[in-house]
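Heads up, the next two complexes both have chain A, just with different partners, chain B and then chain C.
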Partner chain A sequence: MPGIKLRFDRYKLLEIFAPVAGFLASIVVLLIIVIVVGESPGEALVAIYKFSLSSSAKVATILSVSIPLFFAGIAVAFAFQSGVFNIGAEGQYYFGGLIGAMAGIYLHLPAFIHIPVVILFSMAGGALWALIPAILKVTKNVHEVITTIMFNSIALALVNYLVNGPLSGLGQGKSLEPQTAKIQSTALFGKLNGFFRMLGWNVPDYVYLDYSLIVAVITGFIVWFVLFRMRHGFEIRAIGISLDVSRYSGMKVKQLQLSAFVISGALSGLIGLQEIFAIRGYYTYGIASGLGFDGIAIALIGKNSPLGVVFASLLFAFLKQAGYGLQFYTSVPNSVIYVITGLMILFIVVINEIVAAYIRTLRKKEAV
Partner chain B sequence: MKKLGFVLILLLSVSLIFAGGTKEKSKTAGPKYKIGLVFDIGGRGDKSFNDSAHAGLVHIAKQYKGYIKDDPDNVNYGTVIEMKYLEPKAGGQDREQLLRVLAEQGYNLIYGIGFMFSDPLAKVAKDFPNVHFAIVDGYIPNLDKNSNITCLLFKEHEGSFLVGAIAGLMNKGGKIGFIGGMDIPLIHKFEGGYIAGALYVNPKLRDESMILAQYIGKDPSAFKDAPAAYNIASNMYRQGATIIYHAAGASGDGLFQAAEEYKKLAIGVDSDQGLIYATAKDAATRARAKYILTSMLKRVDNAVFRTATELIENGRVDGGYHSFGLKENGVGFAVNKYNKDELAPIISKIESIRKKIIDGEIVVPDNDSKVKAWALKNLK
Partner chain C sequence: MSETLLEMRKITKRFPGVLANDRISFDLLRGEVHALVGENGAGKTTLMKILYGLYSPDSGSISIKGGKLSIKNPKEAINSGIGMVHQHFMLIPPFTVLENIIIGEETQKFGILNEEKPAEKIRGLMEKNGLIVDINTKVEDIPVGIQQRVEILKILYRGAEILVFDEPTAVLTPQEAEELFKTFRQLTAQGKGIIFISHKLDEVLEIADRITVIRKGQVVKTLDGNEASKSLIAELMVGKPVLLEVKRPDVSPGRVILEVRNLDLKDYRKIAVLNDVSFTVHSGEVYGIAGVEGNGQTELISVIAEAAPIEHGDILLDGESVVNWDVRKRRDAGISHIPEDRHKYGLLLPFTLAENLTLGMHHKKPFVNSFQIINRKKIQEHARRVISIFDIRTPSELTPALALSGGNQQKVIVARELSAEPKLLLAAQPTRGVDIGATEFIHNQLMEAKKEGRAILLVSADLDEVMSLSDRIGVMYKGKIIKEFTREETTKEEIGFYMMGEKEHARN
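On to the complex of A and B.
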């Protein structure tokens, strides 16, 4: 029957529409709060627009801010696909970034090798930090939420100790911010801004559109290919859906869990690339924190798919910039801005889920 | 029917958007100067370091008829100077972004509060040669008079020496304590001066067990971890400390809480915390005020004010390094109407020490690791 095909497409459309609806609802919430606070909602919208989409520099900044968020999202999403709840991305990128930075400081290589090497070292560091919780999970059945949280604290303490102590690059009378020695110029990430300008996109030099953007694009493709075009990825998704079914059908469940966990750790190791190799040029524990937890929300909104994560991380970047816009152009207090961005995320997730549930019931009805 | 409802809601929300959009704007004459300031993450409201910078802005507003844009306290004394402060949500490129947006919007003088701004400020300053930048506690190398960056540095050890002397004179035979925030060289300056000051006035404290010192942590969150400060302080009071000095930003509240509980004394930092607590809105905070003996003043407000004065009076600010010690009235200790009587018996002694430091008769060690050598040389 031709009607069935049509209806199927409508569900697909509805599915795509769900996050958009969530976003619109969250904007309404934003405006209501703004009115309650006593600011004019029109001004608030203008403020957000000015800081997010008003110029190519602002749009490029959103793209730039979304890069580490994308890595965080895809790392968590990969583990989610296998049913592993990796909330240790935070610790994994602190440690992965440190290992990568060490490779950048102490190895002497030509640039075309040095850059891939620091990327691989960052991944290896992240993977290593995920390995122990992963082993504990598959051999002793220790829940990963507990171990990864603990490992976050351990990573932070370790990194603090190392940067203040043995790895400190602070000379007397220099900057007061604790940091390692400088990363060698061969390992620093160049910018793609010139390339984008050649393509006709007028991006000013100061925006960080660096090599980590290329790494992000490649990573996204590889993850998509592994998950949806390879047997290993299929099995990883299978254990995520049902551990028992997978086990009875002969999959090596523990090995799969272990590999998904460790790959997730390796992906987490990439979160710090931009800040360490493009923005700062040295390592410090002052690198942006909390990204590992943003990653959880991003993976949720992106429904654990690489493309979904792209959109979700762009959305997060937009929300962050929107917050600054409100801060700069309106008198909405800072604390209220945090509440607003938090609520917006909540609304997007909730409406997304409601629509998804609605589609499920519609489909069931149809099956009957 | 459902669709109709949806459309109605949409219409309503759109009309709401434009209904509120008529906020009067007094566009008579633009401000003569625009001054921007970026706090660090969660800085504003710490009743200490960052609020001292805010007090500097308020002082500018009063003196030169200015106003602080979008400030909840409605600081408004005129329209000659416009001021605006921002606060990043995370590190990374956010600090840089906020400095840049202020520069883009035509702010003439922009402050970064805290050493974390060193890198971002240097980068943005390069792109805006006509805007002047100032950083508190940050050190950016190779600056001269013509640079568009001024580093505002403090001799915290000199101020700490005075409150150390106060602690040494008023400890009633008990131990004295020091709580540092983040374990970095900057905070060790406070510790060094404090211990040296206490040793200078009180030979009994020269026994090593008499001075307790501990740091809260090794990352920036140590400056806003009041529970940790409370635990450390309680522990010190139980060990026999009678006075504890903190250099831990917003964590200091934990110390004051412990002081209230053990009925012992505490010394605040950066702002006049005794005064701030005594005039606070909520009763619980006010109750803590009488346990705050004094505060080491790090006059970030003076530094912020003086830099702005240069701009407003001369039309430009000299680049380079400004050091604020006792001589420049950049550090000191707090005397207010609440602690005046308590400090009265010793105040002349402290003042004479202050003169000795200003005259160079006492050279205060700027790190606790240097105190031992200093004591051997200077104390009998």
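On to the complex of A and C.
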């Protein structure tokens, strides 16, 4: 009925408005902080603009930065859909990335096979790292928040040890940063910059719009399709709503939890692709950290839907760039910038939740 | 003429696609029980939620003791002396009765909870109203009937004068319902007013001073309790005469479909809940289990449907033991189940009706193809068909299940389980919360299923329902089937006698 459509759209609008409102509020807070530390708010805004949206190169950078964020968000969102709180994306991509890198270093394959192989190995590594917490959850009822957090620390320590010790590639490279041997050229991700330039988008060479962007697009589509068009995804969403109802209707609840958890781990394994195979070409435990936690906020803002995660990860990428902008163009101290980006994220999440709660009460009042 | 406690005038409330309340006027006098009856989806709960501040009306006014006011939320409703006992209790299970009653109204000194004064006040209320509860036990440890008392105490503690009960007896045994009515009488004697919603017309006739019938969101008529009759109310509700009887087809039972052998089950405290239970259900037969709730019926159904582990014994479906099968295998082999607690086990509330109507068959063709991709067209077609057959009142098959009235949600579950074309149907309280027209319809559907040769195991707290549908009846008492009858050879009185375990005592 037309009435229903209308209502749904109105709430959709409100939902979309939520992160925007959070964003605007966080800008206001940012300006206040900037004033407090004695800088000019106008200059700060200009700095942010210069570093984020001022040119096609800057916009391309945001897109580039959003790729690993997208993987993090979709990985966490997938688990959230099933009611599993996978806080362990962090550890899963550290480990997954290492396994992928191993395949890139030690396997000798032609490029058209080698690249898919390193992607699959990264996923397998991430899945493996999620497997033990997943098994502990479904067999022993150990809460995943605790196990995955512990597994984050274990992964970090393990990777640190391996890169410094058995897998160290020092001696080959010139850097003093502990790292593995170089990944073979057949496994390195090429760039799409040329392709975009052909389309008329002037993406300079220093921006990484590499094969991981293709992987992201494909992954996003597959995840959407599985969740909303396939039986398995239907069951995963069902257990996220009610374990009892799902069990009564014959779903194998434990298996579903296990699979959602492991798939989430596999998706986490993709977070490191860009940095390892496109940017660095080797593995180090110094790959960007904290993305797994960003993923939680991104999933939250994106309402666990693939499309929502796309927007949320772009927003996050923008925030990160804005932070760099302040760092470069103003004398706002570094530590304050971390505070600011942290606060911005907090604001967006909080306002998002407030609006969600408001929509819930509206729904209660008017229903549907 | 006693004082008017409450007056609702021309209340209108529209939901997307439905006019739930259409200029409803309703009033409540001091010291009366005013019953609100109507078909599923007629708008009773909506009207009460408006009164309690959970929904805001599109138009209309509410006045209490002559003073007009607008009620924006439950807090304001409570402050205006309105209390509501919801059908799904709003208690916190790990808290004690006392804590549950005083929650939000705690008296404290320097941040330290004072439990003495409230306890005294509660004891006073308990005595005055015949609502005896041990206030120091945890809510999770007390049965449903007693939990309801806690709910009532909770609203009395807050000084309610207008008490709303939305289908309070749906979850009660007949004995507990009698207790509740005693409490009603005590409350009205103190000058409180009670709004009572129920689909059980016998109860309505027993307790109500006035009866307001609504149909499709409009008031049809307000009757005096003593000028009403069951058939009159039913006719006003539905808009045409209702038969109120089931046509039992003449089917001779076929082969054994379900055989339960020497079933033993202990609960987590190692107390026996099923004790050497054996019986069979044949194809084309309805086997009814009679018994006071809590004598093992729930557990019996759950070991057959839900694959709960058993201590000892065997369950055979069509001659094959299902004990080691999981739920999916049992379902695929032809066991359907209408669960007793529809909210907890029956529906994925935020999902659409279409999705809910295929739940449990959603993994089979034609709802998925060989690649496990969902065929949404087929699911929606199926839903539209079932919705029209079962007369489920909904704007569309894409409406989320949570937007349906309670009785219509129940119809969704019954429709789904029957449309799976089971060999064996486990029907636990199949007509709980369903209006008389729909009850009649569901009964006839069950008889239809019987005609098609399905075996039906029926559990119901309503003895009349068990008597009118069953071919054979087993009486359960303390986890045992203590007596089995064919329908012809027994009477309601005799079954009632066994239900109390009397014969067992006599024998010993």
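The working rule: the second predicted complex is superposed on the first by the 355 of 368 C-alpha atoms of A that agree within 3 Å, B and C clash if a C-alpha of one lies under 4 Å from a C-alpha of the other, contacts with A are read in each partner's own complex, and residues count from 1 in each chain.
What we mean here is this: a contact is a pair of C-beta atoms (placed from the backbone, for glycine too) under 8 Å apart; a residue touches a chain by one contact, two chains touch by 3 or more.
What you see is a predicted model; the values in this text were computed from it and never measured.
Applying the stated contact rule after C-alpha superposition, one finds that A:238 touches chain C and leaves chain B untouched. Of the two partner chains placed around the shared chain by superposition, chain C is the only one that A:247 touches, whereas chain B remains out of contact.
Looking at the shared chain after the overlay, A:229 reaches chain C, while chain B stays out of its contact range. Between chain B and chain C, B contacts the larger number of chain A residues.
Contacts of A:279 after superposition on the shared chain: chain B is touched, whereas chain C is not.
In the superposition on chain A, the residues of chain A contacted by chain B and by chain C do not overlap at all. Only residues 13, 16-18, 20-23, 44, 69-72, 84, 86-87, 89-94, 96-98, 100-101, 105, 115-116, 118-119, 123-124, 127, 137-141, 183-186, 217-220 of chain B touch chain A when the two sit together in their complex. Put simply, chain A touches chain C in their complex at residues 1, 3-4, 6-7, 229-232, 234-235, 238, 241-242, 244-252, 364-368.
Across the complex, chain C meets chain A through its residues 15-17, 54-56, 305-306, 326-328, 330-332, 337, 339, 344-351, 355, 359-360, 362-363, 368, 372-374, 395-396, 398-400, 403. Across the complex, chain B is touched by residues 28, 31, 35, 39-43, 45, 51, 61, 64-65, 68, 156-157, 160-161, 164, 170, 173-178, 206, 208, 274-275, 279-280, 285-290, 320, 323-324, 327-328, 330-331, 333-334, 338 of chain A.
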